[in-house]
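A, B, C, D, E and F are the chain letters, set down in written order, and residue numbers restart from 1 in every chain.
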Amino acid sequence: MTGDAQQPTALVLSAHAADFVWRCGGAIALHGELGYAVTVVCLSYGERGESARLWKQGGMTLNDVKAERRREAEAAAAELGVHDIIFMDLGDYPLVVDRDDKDRLVDIIRAVQPRFMLSHSTYDPYNTDHMLTTSIAIEARMIAQAWGHNPGETVLGAPQLYLFEPHQTEQMGWKPDTFLDITGVWDRKRAAINCMGGQQHLWDYYTNVAENRANHFRRNSGGQAGGRAARYAEAFQSVYPRCVDEL
Amino acid sequence: MTGDAQQPTALVLSAHAADFVWRCGGAIALHGELGYAVTVVCLSYGERGESARLWKQGGMTLNDVKAERRREAEAAAAELGVHDIIFMDLGDYPLVVDRDDKDRLVDIIRAVQPRFMLSHSTYDPYNTDHMLTTSIAIEARMIAQAWGHNPGETVLGAPQLYLFEPHQTEQMGWKPDTFLDITGVWDRKRAAINCMGGQQHLWDYYTNVAENRANHFRRNSGGQAGGRAARYAEAFQSVYPRCVDEL
Amino acid sequence: MTGDAQQPTALVLSAHAADFVWRCGGAIALHGELGYAVTVVCLSYGERGESARLWKQGGMTLNDVKAERRREAEAAAAELGVHDIIFMDLGDYPLVVDRDDKDRLVDIIRAVQPRFMLSHSTYDPYNTDHMLTTSIAIEARMIAQAWGHNPGETVLGAPQLYLFEPHQTEQMGWKPDTFLDITGVWDRKRAAINCMGGQQHLWDYYTNVAENRANHFRRNSGGQAGGRAARYAEAFQSVYPRCVDEL
Amino acid sequence: MTGDAQQPTALVLSAHAADFVWRCGGAIALHGELGYAVTVVCLSYGERGESARLWKQGGMTLNDVKAERRREAEAAAAELGVHDIIFMDLGDYPLVVDRDDKDRLVDIIRAVQPRFMLSHSTYDPYNTDHMLTTSIAIEARMIAQAWGHNPGETVLGAPQLYLFEPHQTEQMGWKPDTFLDITGVWDRKRAAINCMGGQQHLWDYYTNVAENRANHFRRNSGGQAGGRAARYAEAFQSVYPRCVDEL
Amino acid sequence: MTGDAQQPTALVLSAHAADFVWRCGGAIALHGELGYAVTVVCLSYGERGESARLWKQGGMTLNDVKAERRREAEAAAAELGVHDIIFMDLGDYPLVVDRDDKDRLVDIIRAVQPRFMLSHSTYDPYNTDHMLTTSIAIEARMIAQAWGHNPGETVLGAPQLYLFEPHQTEQMGWKPDTFLDITGVWDRKRAAINCMGGQQHLWDYYTNVAENRANHFRRNSGGQAGGRAARYAEAFQSVYPRCVDEL
Amino acid sequence: MTGDAQQPTALVLSAHAADFVWRCGGAIALHGELGYAVTVVCLSYGERGESARLWKQGGMTLNDVKAERRREAEAAAAELGVHDIIFMDLGDYPLVVDRDDKDRLVDIIRAVQPRFMLSHSTYDPYNTDHMLTTSIAIEARMIAQAWGHNPGETVLGAPQLYLFEPHQTEQMGWKPDTFLDITGVWDRKRAAINCMGGQQHLWDYYTNVAENRANHFRRNSGGQAGGRAARYAEAFQSVYPRCVDEL
């Protein structure tokens, strides 16, 4: 998961094993093609709360479900060209993150030195694991910036934290400010989606989302005058302001 | 005010003659140096409500005050390298914009074909002229996009509308998402500020703002690790999402 | 457009000729089947701002475009079983509503005596006509409730005002609180959509929206336990609280 | 309505004839006893929209209703010790305020030179007249501050604008930051309320409000430790920050 | 506390022993009469923070106060026809809920299988126990929906979570969207209120609230045209959208 | 740290050793001169996260850094006339506050019996220690008000909690409602600032802030008419409403 000085890096914090696929699979594949080493951290496997199909087929243990979700996530990561995928296995529904887990996450952040980070919306009354992950992402980013945390290590700069698209966006108070054209890597994202055997009811859902976000991309890049002919896009909300040399 | 196809353009909508100086003088000068033709539209001279110093010296008519504010604004525009400055003379405190004025503004927008626009915050309980200007900016941008408005003209694309920094930012519900480094053109902005003889109480105020926004630029470009050594900056809030190929 | 005392009624206020189709065509068809007489008021034809395809084919006058958009809207209304469709022809981009127009709208509201009303989101920085329509809807509803407005007429009760789904929901600050299952009338909504020859780029977009809102319907009616097997749904935000006898 | 330099003054802007009674009658009576000259401006009589009882009794003309509401308002003003009550007669449901009306209001504000102003909440989807009044209050306050508006007149300082309590506070987005103990003048407020023959359904409602706001006064002045033993209070939201010498 | 398949159920989560009485006693009694089995969970007795009257009389131990508050709550529950009342005794000021407590709460939720749940506002700077309770309610609801939590148990569906009325509603950011007519059960709610010997200062306060919410019920069910003649009502805010077959 | 019945008191909760200087040093010095005994509680020294300059000079241990930051804070407190400064040494980046720490804080609050409290903004995505401190301040204030917490002790009344100015105010959702003129004690605040050797990059930043807040003070106390000639000011946001006898 190490970031080479020559190579740009990015870091995804995913509450459950599958979140990174639906919500930023296109961004991952695209930045891989742009030369980024993208690291994905799955805080849990979503074994209890996001594996209903597996539990319904019966005869499963918690370890069986974890193993299956891990297999799916690794397959999806391979399709997306993920540089490294790390499973922290912290449990889900509810996710629990203690001080040692935070420190481990800080170690990862410092090792990766990401140009940008990706995580969940700040509010989610359907899924408190999502909220907690973002809250931990913000806290760990802060600790990673502290000169007095493991003095001597290279401290973190000020990477953007993008909040990827949640389910039922309006209920989350999530408002995207950035649309990313993922047309060129759509086939890879759909291939990764197809790895998620446990959640087939979401395959077409997130295909619809990608198509409709492309409409937003076209509209915001050109209005009625046309705009870029994107066919698939992803949307993100920035937590921090950006620093530019041209508007 | 015409935008040449080879040359990028930008358009500033300023409620009163001086607003463009304090709030985006750096952006104007910088983009001029980057090759943009920047057009400034002053909807009024700020003759009634923002010329207290002139009125206090007595013996002034409304036309005297307008002439003096226009002279100041033109001098400031010259310092900033403004391509064109247009005075619509619509009155202030309160500013009044009728249907013909909107159409005139749409004509200007279409003639300029700006890559981005700049205007006021969307809320301002101290100054309703500011709110009205932004509301008109949004409406005129929409009309300029309509194929059926003066059919045959080139319609507008989807330029960003940046809201420049208001006075007492927190009371306006304004939240910047973009910091622009204006260190290289600061001397020109300060020179333009110095043209504003009628509002000397704001010269140091907006110098302080520029210095402190540079602190924010450094902090957001590098955290405790340093960041870009900007000494002067300006801050902006975007109305629309942006469309990108890399996060 | 008269509401018979025996028959429930509903009223849709659509800024442009096509809005009622994309945004609440399912609700219209469904309530028609439930026995409601649904009246649609189109404040404009969307002739200038939402007819790009017609203008691009050249040789069109404003009246040509209006006639074509009217024809489309009437065809769609027929597919949806609309009881009455009224074209106020107030112009678009920008829509302009004067005092007489408001009074005319109040007359319609009082004649219809709707159990509920439908209109746009309260905010829309892409389309000020939408915002204006909702603002007028709220004002006209208030006037229709006044005993001193045309004394002797039957005053309006307190119908709910539902805000139907805008484009780019998150940018509008629109948050749905009500999902309506339109599976049973989907074919009729799609048939109405297909009447909108001028905006073919939105046909699949709003089909995707209906499919994804059905996912939300299922999720909110049953969670992982299943929920109602809706395949198409529409979403609405309520302006006013509702009064109930059971939670 | 003139403010004497020795005497403090306050100004109430009431959309309809009765609003000042329910919403700030206590503040009016109390400040009268504190030596303020309080001027009340009623923009309309509430003749069309807030006089249902009168219209229901039949045989009324608009002028009859206005006369009756004026009589009630004057009686209430007398009970409250109002210094001056001005009826602008601008119509209601909807209230319409043109440029001349604004200028007239600015004249009043400058003549009164209020230490503070009182008006409605900034949002009210039940009553657009209320919103408009506050919007006009903010605009007129700004014009009254302009040195170039009727040069030579004494300009306005920066009086606070308090928003008094609307009906259904939560729907208005109104959040009080100031509780005023009106125990000592409650009898006078109730006497003024009793003058409002046209709206008897609100007498006990606003008595309940005053009792419950006193609970809030006690709770915020002392918590469980007791607090001031207020029995009646009114609540207000401030638009502008306040300037102090002690926290 | 078991929910019989034939019988609808509801679940109330009350931070302190008395909260359920003031805030949703009417809803409890009414749904009891409608055939619901309503279970109330009191996370604490409010022994430290909401029993000032008892402490002031001196000579009390913590257990004395708990016993007294329990006795009051049980008496009130009896008046309201509560099906089951459960005291978790988790402490107050501050309430502390650990992982085992959450699991116990999930067990209760699954046993009850409520059609809807009731709890506190999401924000309360006067009382962090209230906020915590709602946060736990949302988390426990999520866990109860997870197929992998105690596999084999019946998972929870998607019951609405209503937030009942807090004290000083506007400070809590609480906005009701549902008014419930409790006129028919008011006498029972008042009898339950009268059981709360420790907080007599709130008896009339919440009677005033019920009367004024009935005004809101009338206004929103009929406007000036009348509306339902409710005399007592309660107000609630919904956390989740609702799924309907008719608007 | 004891509050004498004759002497008014105030309490500052500062997440890190230096926060109280930048953010409310003027309020501290001014209230000292007004006769208040002001107690400052530093929850941590800011040793890990706000001491970059010390760590960069190398050869430092955590204890060295703590000692140096404590020395600076004590020197600053002396300049400001602080009555008592308490270091809780709870760690930073992240700050961790357990139940015993809360109880200790409640003891301090009860001992001080402050007329008002000061702490951080409620939101800060750059610094979660700040958010936590405010959240703890609200919780500890609540516990201190409880008659059943250490029965027999004097309970806390209802002191205001002012939120002092954060860095990058707009990103924190912080909106000041109170400006305090600190012109008379500015020299003492600047002397205290000069004690903060570890953060020299902030000396001029917070001088600029004080100058610009004085502009706001002047503007809000007099508008264009002048206002109080403050040269330095501080800004605060109130959490609770205030209770008054005159508006």
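By definition in this document, a residue touches a chain if its C-beta (ideal position, glycine included) is under 8 Å from a C-beta of that chain, and two chains touch if they have at least 3 such contacts.
Since this is a predicted model, take the numbers as computed values, not measurements.
The chains that touch subunit E as well as subunit F are A, D. Think of it this way: of A-C, B-D or D-E, only one pair shares over half of the E-F contact pairs by residue number, and it is B-D. The centroid of the Cα atoms in subunit C and the matching centroid in subunit D are 37 Å apart. Contacts with at least two other chains are made by residues 49, 52, 126, 145-147, 171, 176, 216, 219, 224, 240-241 of subunit A. Touching pairs of chains, sorted by label, consist of A-B, A-C, A-E, A-F, B-C, B-D, B-F, C-D, C-E, D-E, D-F, E-F.
Against subunit F, the residues of subunit A that register as touching in their complex are 99, 102, 135, 138-139, 142-143, 145-149, 151, 161, 239-241. Contacts from subunit D toward subunit E in the complex involve residues 49, 52, 126, 167-171, 174-176, 201, 204-205, 208-209, 211-212, 215-216, 219, 224. Within the complex, the subunit F residues that touch subunit D are 10, 27, 30-31, 34, 116, 145-147, 155-158, 160, 162, 176-181, 216-217, 219-228, 230, 235-236, 238, 240-247. On the side of subunit E, the complex with subunit F involves touching residues 47-49, 51-52, 55-56, 60, 62, 65, 92-94, 96, 125-129, 171.
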